[in-house]
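For reference, chains read A, B, C, D, E and F in written order, and residue numbers begin at 1 within each chain.
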Amino acid sequence: MAEVAKTSPDLARFVEEFAYGDINTRGGLSQRERQIATVAALTALGHAQPQLKSHLHGALNVGCSRREVMEVILQMSVYAGFPAALNAAFSAREVFRERDARHLQP
Amino acid sequence: MAEVAKTSPDLARFVEEFAYGDINTRGGLSQRERQIATVAALTALGHAQPQLKSHLHGALNVGCSRREVMEVILQMSVYAGFPAALNAAFSAREVFRERDARHLQP
Amino acid sequence: MAEVAKTSPDLARFVEEFAYGDINTRGGLSQRERQIATVAALTALGHAQPQLKSHLHGALNVGCSRREVMEVILQMSVYAGFPAALNAAFSAREVFRERDARHLQP
Amino acid sequence: MAEVAKTSPDLARFVEEFAYGDINTRGGLSQRERQIATVAALTALGHAQPQLKSHLHGALNVGCSRREVMEVILQMSVYAGFPAALNAAFSAREVFRERDARHLQP
Amino acid sequence: MAEVAKTSPDLARFVEEFAYGDINTRGGLSQRERQIATVAALTALGHAQPQLKSHLHGALNVGCSRREVMEVILQMSVYAGFPAALNAAFSAREVFRERDARHLQP
Amino acid sequence: MAEVAKTSPDLARFVEEFAYGDINTRGGLSQRERQIATVAALTALGHAQPQLKSHLHGALNVGCSRREVMEVILQMSVYAGFPAALNAAFSAREVFRERDARHLQP
């Protein structure tokens, strides 16, 4: 996001204010449920691997287990097909390795 | 689904066996979380309104409130844009009306 | 939008504030150029015909001619394929008829 | 296509010349294989049901059986998910009924 | 696939059982026709280049010529636009080079 | 494009003749407006970063400023979501760096 801010400070600000400010801090769903919804959507969309990786970290940081995020990805094979699920599984593997390397739980 | 079974009994059987049998009955996520993930993905994909309506009923039937499914849809405006969220909101309105007409809770 | 506001007042408010408030009133592009960009994107996405019709009206209201919006749609056959362009042309025809019936220029 | 030609004669001409003239009359694939490829792609894209119906007729007209086009649609559940395959199956059912009503084989 | 199996053995198993077991071994279409359908769909979807490359190998392995798979890709410019066809052509070039390096026919 | 021509001379020729010949040289929209439409569509589609980069150069070459193309990308967050806009912003940053390295204006 620091990188985006250099090219487009306004885009970075909108992500900050709208996505993280207005939407994700609303009540009505737990942080865990919001991350499950986002991981599902980004897996299904298919063209958003950098954002998917960021939200896989997010999901693991707010209490999802590795198995749980893999279940969300697996379920997407039904709704968006196996290529979308497989590409998301590749992103998950990278996220898990990053977390292993940085000794992050889970 | 009865309609699909007339044109393509095999497709209906695969939906039944793979989507409802193999995937949705797996452990690791609650039924409620699986429906949240599915509503998010179908909202983001945009071209699957009949399936979205079916899963909005599903989400409400396994314990989500109307406000909660609307929160999932609202959140998708961040990840898939406002047209996707607005079209899902139209589907949700129809689902709520169907449930009102049939006196279904919630 | 009045319809959306009944089901989801918050979604209607975000469209109002973010899409129409924060983004479309920014300087840096003319209203005409913003509408051209939006018609192009909604044509390419393919699953947003109600929003496309709304922005075709918008484009015509801020100074685009009917020929100009059809040129944008035609150009999208190169980038998103003929089905996307054809479906947008159907929406444009409906918009032109609505405007004819209401004696709107252009 | 006659309808499109009224709103956008140039778009109709490009479809005619480019899609039907330049591409579909090329050698290297049989007409039957070209229709299989098109039915597969339009099923996967999901937002092009009118064009899918037109090409389902096309496939049946150049020698595919009803079972064969349903196999293509069924196979797409693997690559684009079940909602895409189900919506295509609905379009196929309508095409089959139209052909039954007009006593067309197959 | 061996890589996927490490992160998600269940996803690998579903691909194996459902995609390769249940669907691709069905009768009703030749292996060659199934590969043409898959290459077409993955080209049109655009976000599945690793899977496209795998199925380009598959198509060439079951009897398609290089010219034939390029015809499928070329045809997709009509239905999904030139960017989708161009990106698939880049993947095809890589596949052809891999096969040249490994002295595979065709 | 020279690269594509080696694998698929016909695809390169169709891009040349249809996209650059038939469509982009039509009257009815300025070159600047056509580039704005294309940048918008490729940002929204999400799976066409190489083509987006090519058209960002194109837009800057026909008179758009860097701020103007960033405005188009920013606007797409409304219609296609933030991931699509962010990925396009990454492509824009690379294009700006390429132009800086080659001392191109703007």
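Everything below uses one rule, namely that contacts are C-beta pairs under 8 Å (C-beta built on N, C-alpha and C of every residue); 3 or more make two chains touch, one makes a residue touch a chain.
Computed from a predicted model, the values in this text were never measured in an experiment.
Novice: Moving only between chains that touch, what is the shortest number of steps from subunit A to subunit F?
Specialist: 1
Novice: Looking at subunit B with subunit D, do both copies bring the same residues to the contact (over half shared) or different ones?
Specialist: Counting shared over all numbers used gives less than one half: different.
Novice: Write down the chain pair with more C-beta contact pairs when D-E is set against A-D.
Specialist: Between A-D and D-E, contacts are more numerous in D-E.
Novice: Match interface B-E to one of A-F, D-F or A-E, accepting only the pair for which over half of the contact pairs are the same residue numbers.
Specialist: The B-E interface is reproduced by D-F.
Novice: Report the inter-centroid distance (CA atoms only) between subunit C and subunit F in whole Å.
Specialist: Going by mean C-alpha positions, subunit C sits 20 Å from subunit F.
Novice: Measuring centre to centre with CA averages, how many angstrom lie between subunit B and subunit C?
Specialist: 28
Novice: What is the distance in Å between the mean C-alpha positions of subunit C and subunit E?
Specialist: 36
Novice: Which parts of subunit A, given as residue numbers and ranges, touch two or more other chains?
Specialist: Within subunit A, residues 10, 14, 18-19, 23, 26, 42, 44-48, 51, 74, 76-84 contact more than one other chain.
Novice: Take each protein chain as a node, join two nodes whenever their chains touch, and name the resulting shape: line, ring, star, complete or other.
Specialist: Graph shape, chains as nodes and touching pairs as edges: complete.
Novice: Once bound in the complex, which stretches of subunit A touch subunit B?
Specialist: 18-19, 23-24, 26, 28-29, 33-34, 36-45, 48, 51, 67-68, 71-72, 74-80
Novice: Which bits of subunit D are touching subunit F when the two form their complex?
Specialist: 10, 14, 18, 22, 26
Novice: Touching residues of subunit B toward subunit F in the complex: what are they?
Specialist: 44, 76-84
Novice: Using the touch rule from the top, collect the residues of subunit E that touch subunit F in their complex.
Specialist: Per the stated touch rule, the residues are 45-47, 70, 73-74, 77, 81-87, 89-90, 92-93, 96.
Novice: Taking the complex as given, what residues does subunit F use to touch subunit E?
Specialist: Residues 3-4, 6-8, 10-11, 14-15, 18-19, 42, 45-48, 50-51 of subunit F touch subunit E in their complex.
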